[in-house]
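Each of the next two complexes has chain A plus one more chain, namely chain B in the first and chain C in the second.
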Partner chain A sequence: MSDLLPYLIGGLANGALYGLLALGFVLVYRATSVVNFAIGEFLLVGAYLTYTFALFLPLPLAMLAALPMAFLFGLLVERGFVRPLLGRNVVAVIMATIGLAAALDGGVQLLWGPDLKYLQGELPQLGFQLGDTFVPSRAVWNLLLALPLGLGLLWLLRKSRYGVLVRAISEREVAALALGIPTARILAGVWGISALLATLAGALLAVASGVGHNLVFFGLKVFPVAILGGLDSVGGALLAGFLLGVLEALSGRYLEPILPGFTEALPFVVVLLVLMVRPYGLLGERQIERV
Partner chain B sequence: MILSVENLKVVYRGVILALDGVSLEVREGEAVALLGPNGAGKSSLVRAVAGLLPKFEGRVLDGHVRLFGQEATHLDPVRITGLGLTAVLEGRPLFRYLTPVENLVAAGHRLSSRELKEGMEEVFARFPRLYERRHEQAGYLSGGEQQMLLLGMALLTRPKVLVVDEPSLGLAPKLVEEVMRTLDALRKEKGLSLLLVEQNARAALAIVDRVYVLERGRVVFEGDAQAAQEDQDVMEFYLGKEEVGFRQAKRYRRRKRWV
Partner chain C sequence: MMKRREFLQKLGVGALAAVGMPYVATAQARPVKLATLLPLTGPFAFAGNAGREGFVDGVDYVNEVLGGVGGRKLELIVEDTGYDVAKGTAAFNRVVSRERAEELLFVYGDSTGLSKALAPEIARMGLPYSATSFANELADPKTYPTIFVFGPTYNDMMEALLRQIRLQKGRAKIALVYSNTEFGRDPIPYAKERAKALGMEVVHEEVTPPAFTDATPIVLNLRRANPDFVILQGYALSVEPLILRTAREQGLRAQFMGTYYSAELALIQRAGPAAEGFTVTYHNAYWYDTLVPAVDEMRKFRQKKGRDLSYRPTYYMGSLAVALAIAEAMRRAAGAGKLTRAGVVEYLEKLGDYNGLGLLLNFQFVNHRLPYTKLYRASVKDGRFNAITDWIKLA
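Our next item is the complex of A and B:
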């Protein structure tokens, strides 16, 4: 039992980042119906932004400074790539985000070079001893940042006036427009928030494993996580992130010795199994039938 | 002039001509009905004055919309509602996954927290049934309750002109009457101007001053509501009375029953 705890903690630490990223992804999907295939690149750009700020700022400040830049980046993407295509067919928008992903991959390599970079500086040590298990600083930081931010955002979406507007627009944009709600501005803000979340996840990831193209693979996990949570459920995304993080850790502990390489496939296997029982995902909403 | 439409031509997807030179006016404090059969172009006119045509792949080909004397033909909906025109589109355009409270919050997006709170209290005082169900998803409200909620939402946008597209659709006769009475009361109380789009001529004529009848994208009758009600021809020909001889009017009447 006591050898299980470190795995659980590691799983939660990873899961927090999955959750953050998926939260941003699902937020955009719910609000604008756009499947953002460039979400992994948002993470990458965010990590590089943090890396750049860390060259001349202490790391905590660098992470903070990257956030408004990320928000701006999200606004720009919405303006430049998404808004011109809104109202066109779904495939056009999807192709655009795939194209954007490729462009960002290339652009990032041009700007920062192809080799793996490490962030300068360190976050303050927050690791502590829990019984006979050590909780590493990385896990504390991930949970400390991801949980309040994720839950805070959920709360905002549920309770704040801005959140109500986002949900209204996501359900029926024309009706929102007819009430004079500035839908374009609000949706752009959602893209900004999504990029901000991805950037924080990217920065926390980079603290542990450096910045390089490897981060995009982490980004790919967002798709199984989001589907698992129910594509349209923001809370589900957060939950599914943690769930998948823990399952991966457990699989690494118990299944890997029997089935080498299984952990890689695990997210997709879990998604298939869950969707068989709950086609809307864990927390997906059911449609209201009456018109 | 609060709202004036001049020689308006509207097309969808560049080819489907929905309005073919429509002119109409709504004056200060006046209630005007826009009647006509299915496909006449009523909703197209609503979308045009609300600046929503692009959302329906439509556009103004020719003509003008003026709001409070100001050119408003190609303004976006945010500006138009800002000027004081709110349109309630056809098909109960509320947010079904949101509660009545949240629907009202969305509608009152321009208000300060205090104004919003007061506005909401006013709406709930007027519609006690909404208050009882204020935390349920609006999609599960009855048709009548949804229509009341829509009127409440429209109020919270603080309009000077209200354009309402077929509020009676799908409601039982008693509820239709209630909706019309409420519209009438609200208008008088708030000093609003009203453009009421309807297929239910009888219900609409009871609360308006003037009437336009639209057919195939053109205004085919325009006049006093009183006169229209008394004018046998108008009632029979355009609005379908019991003893109708004309094939066309008969067809219209039958279609009306289906709704």
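Our next item is the complex of A and C:
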């Protein structure tokens, strides 16, 4: 067990990042039925925003300062790309997000330049010894930020008035509009929160591996996580994030020696297996369509 | 007396000559072209753009300071590949179909994948070619007589690291961590074979994706294998810092090493104190090696041109070295009246007395690669890599 524990801690810490990013992705999907293919670019923009603030602020403050900017960025995306397509076929919005991804890739390079960057400063050291196992500072930070935020959002969606409105819109947008719910404003807020979560994940990632275009690849991980949890389940996204993080760590320990390179394919294999048994994901809503 | 038909024939020849003469004259003054297919966008944009700058400076220097190539201007063509084989292939086809064969005398491509895909076509066209890749397979003049690797191959780089390991610790235990890409896998069979031949033991191998977000399982596996040295291969400066930081956190004592693409200062900046002692192979000069004539010259040249004098990355230096060496080979070919694709290949093969203003030991190709490198070690205090060896000859 003492051998296994560090792998589990690493997996949970990485899973926290998966969960954070998937949460924002699923939130948008649930509220608007839009699959946001630009989620990796949201993370990229967030990391660069943090980088910019870290040039003149200590890193924790820079991360904090980047969050409202990221929220604003989410609002702008909604206003510029999504709202003009409101009422159109959802595929049109999905295609727009693919275009947005390309535009953001180019925009980031234009604005910040192509050279390699890194976050100046460090987060305060929170690593500690747990018996024989050392719990690294990064793992503590990932869990410390992702868990309360994820659970808080879940609570907000279930219990708060804002959450009820989001759920009402996601149930039936036209009915929500008819009841006088400020749909456009609330949906803009959902995009803002999604960008904010992606920014946090991006900043936590960039602390160790630097700020650069490679971060968008992390966005690809969101798809197996979200599908596994159930595309419309916010709680499922968080759970699936942790699950995949831990499974990847365990695969790194036990399967890699016999199947080198397998861990890269693992998320997709798990998704395939789960979808065979539960086509709507672990916690997704079972939808029955009558034809 | 000239017959009418004879007269008309002569008139025709004369008229043709009159029309054709200026054409011939301009043809002589037409530029010689060097095309580059670089990843200006995408995950390797940082390397592609720095490389482009090296080519721009190199070509400008050749034209403005060295007087061009045999009286002709050297012209640079730049195309973006986005680090994508399909896009790179399209860019290559665009360039070779647009440009005249007698003018386009060299193409510099991008990535191991693209270069391997283009290699048979390049051989068929007899087009002098090199690339950002140092893949072993490309340094094969029998199969690809016009392809050159402007540096040691990844196999050579492994050889240099293994020799250093043997110097530091006789029967060392080694671990290999590499990405599951052509770039990552290229030198692994050679490294395993050579390590064994040198009396070392490869105690662990890790195959990873080219980019990932958590190095804990890798480092814990390494800790269990307990190697003396860990060699990283096939990454682009986001994975190495992650592994180094995690190794430090988890108390791994092994010494880490890497090859050319890990030899950039961003590694030290991103890994922080965990970068201390990271040893790399690197075969050009750093921008801070001001004793190297090329660096001194380029600093002055950039200042004269009003260009930024701040740190230029290793990819800049690599491209500069290629541009200078190609221009030199072209100049020699022009001097011998052989400024053709075949002539450039011939004179590249005879460039052994040239050293690119000190950017390399020399350009004496051995099997179409330059088997010379130095080893550098990261110093966190200095924020740079410092040379720990002189030139090592690997063949």
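Criterion: the second predicted complex is superposed on the first by the 286 of 291 C-alpha atoms of A that agree within 3 Å, B and C clash if a C-alpha of one lies under 4 Å from a C-alpha of the other, contacts with A are read in each partner's own complex, and residues count from 1 in each chain.
The rule we apply is simple: a contact is a pair of C-beta atoms (placed from the backbone, for glycine too) under 8 Å apart; a residue touches a chain by one contact, two chains touch by 3 or more.
The structure presented is a predicted model; accordingly, all values stated were derived computationally and were not measured.
Student: Quick one: on chain A, after the overlay, do chain B and chain C clash, or do they fit? Just give me the call.
Tutor: fit
Student: Pick one for A:I258: touches chain B only (first), chain C only (second), both, or neither.
Tutor: neither
Student: After the superposition on chain A, what angle is formed at the C-alpha centre of chain A by the C-alpha centres of chain B and chain C, rounded to the nearest 10 degrees?
Tutor: In the superposed model, the angle at chain A is 140 degrees.
Student: May I ask you to decide whether A:F134 touches chain B, chain C, both, or neither, giving the answer as first, second, both or neither?
Tutor: It touches chain C, and chain B stays clear.
Student: When both complexes are superposed, which of chain B and chain C contacts more residues belonging to chain A?
Tutor: Result: the larger residue contact count on chain A belongs to C.
Student: Which partner does A:A176 contact after superposing on A: first (chain B), second (chain C), both, neither?
Tutor: first
Student: Between chain B (first) and chain C (second), which does A:M276 come into contact with in this model arrangement: first, second, both, or neither?
Tutor: Once the two structures are laid over each other on A, A:M276 reaches no partner at all.
Student: Quick check on the superposed pair: does A:Q109 touch chain B, chain C, both, or neither? Answer first, second, both or neither.
Tutor: It touches chain C, and chain B stays clear.
Student: Give one of first, second, both or neither to describe whether A:R161 is in contact with chain B, with chain C, with both, or with none.
Tutor: So A:R161 only meets chain B here.
Student: Looking at the superposed set of three chains, what is the minimum CA distance between chain B and chain C in Å?
Tutor: Once the two complexes are overlaid, chain B and chain C approach no closer than 37 Å between C-alpha atoms.
Student: Pick out the shared contact residues on chain A: the ones touching chain B in one complex and chain C in the other.
Tutor: On chain A, no residue contacts both chain B in one structure and chain C in the other.
Student: Which of the residues in chain A come into contact with chain C in the complex?
Tutor: 3, 6-7, 9-11, 13-14, 17, 105-106, 109, 114-118, 122, 127, 134, 136-139, 205, 208-210, 212-215, 217-218, 221, 245, 248-249, 251-253, 256-257, 260-261, 263-264
Student: Could you list, by residue number, the parts of chain C that touch chain A in their complex?
Tutor: 40-43, 45-46, 48-50, 180, 205-209, 211, 213-214, 216-218, 220-221, 224, 236-239, 241-242, 245-246, 249-251, 264, 266, 269-270, 272, 313
Student: Would you pull the chain B residues touching chain A in the complex into a rising list?
Tutor: Those in contact with chain A are residues 50, 52, 55, 77-78, 80-82, 86-89, 92-98, 102-103, 105-107, 109-110, 137, 139-140, 153, 157.
Student: Mind listing the chain A positions that touch chain B in their complex?
Tutor: Against chain B, chain A makes touches at 87, 161, 164-165, 167-168, 171-182, 285, 288, 290-291.
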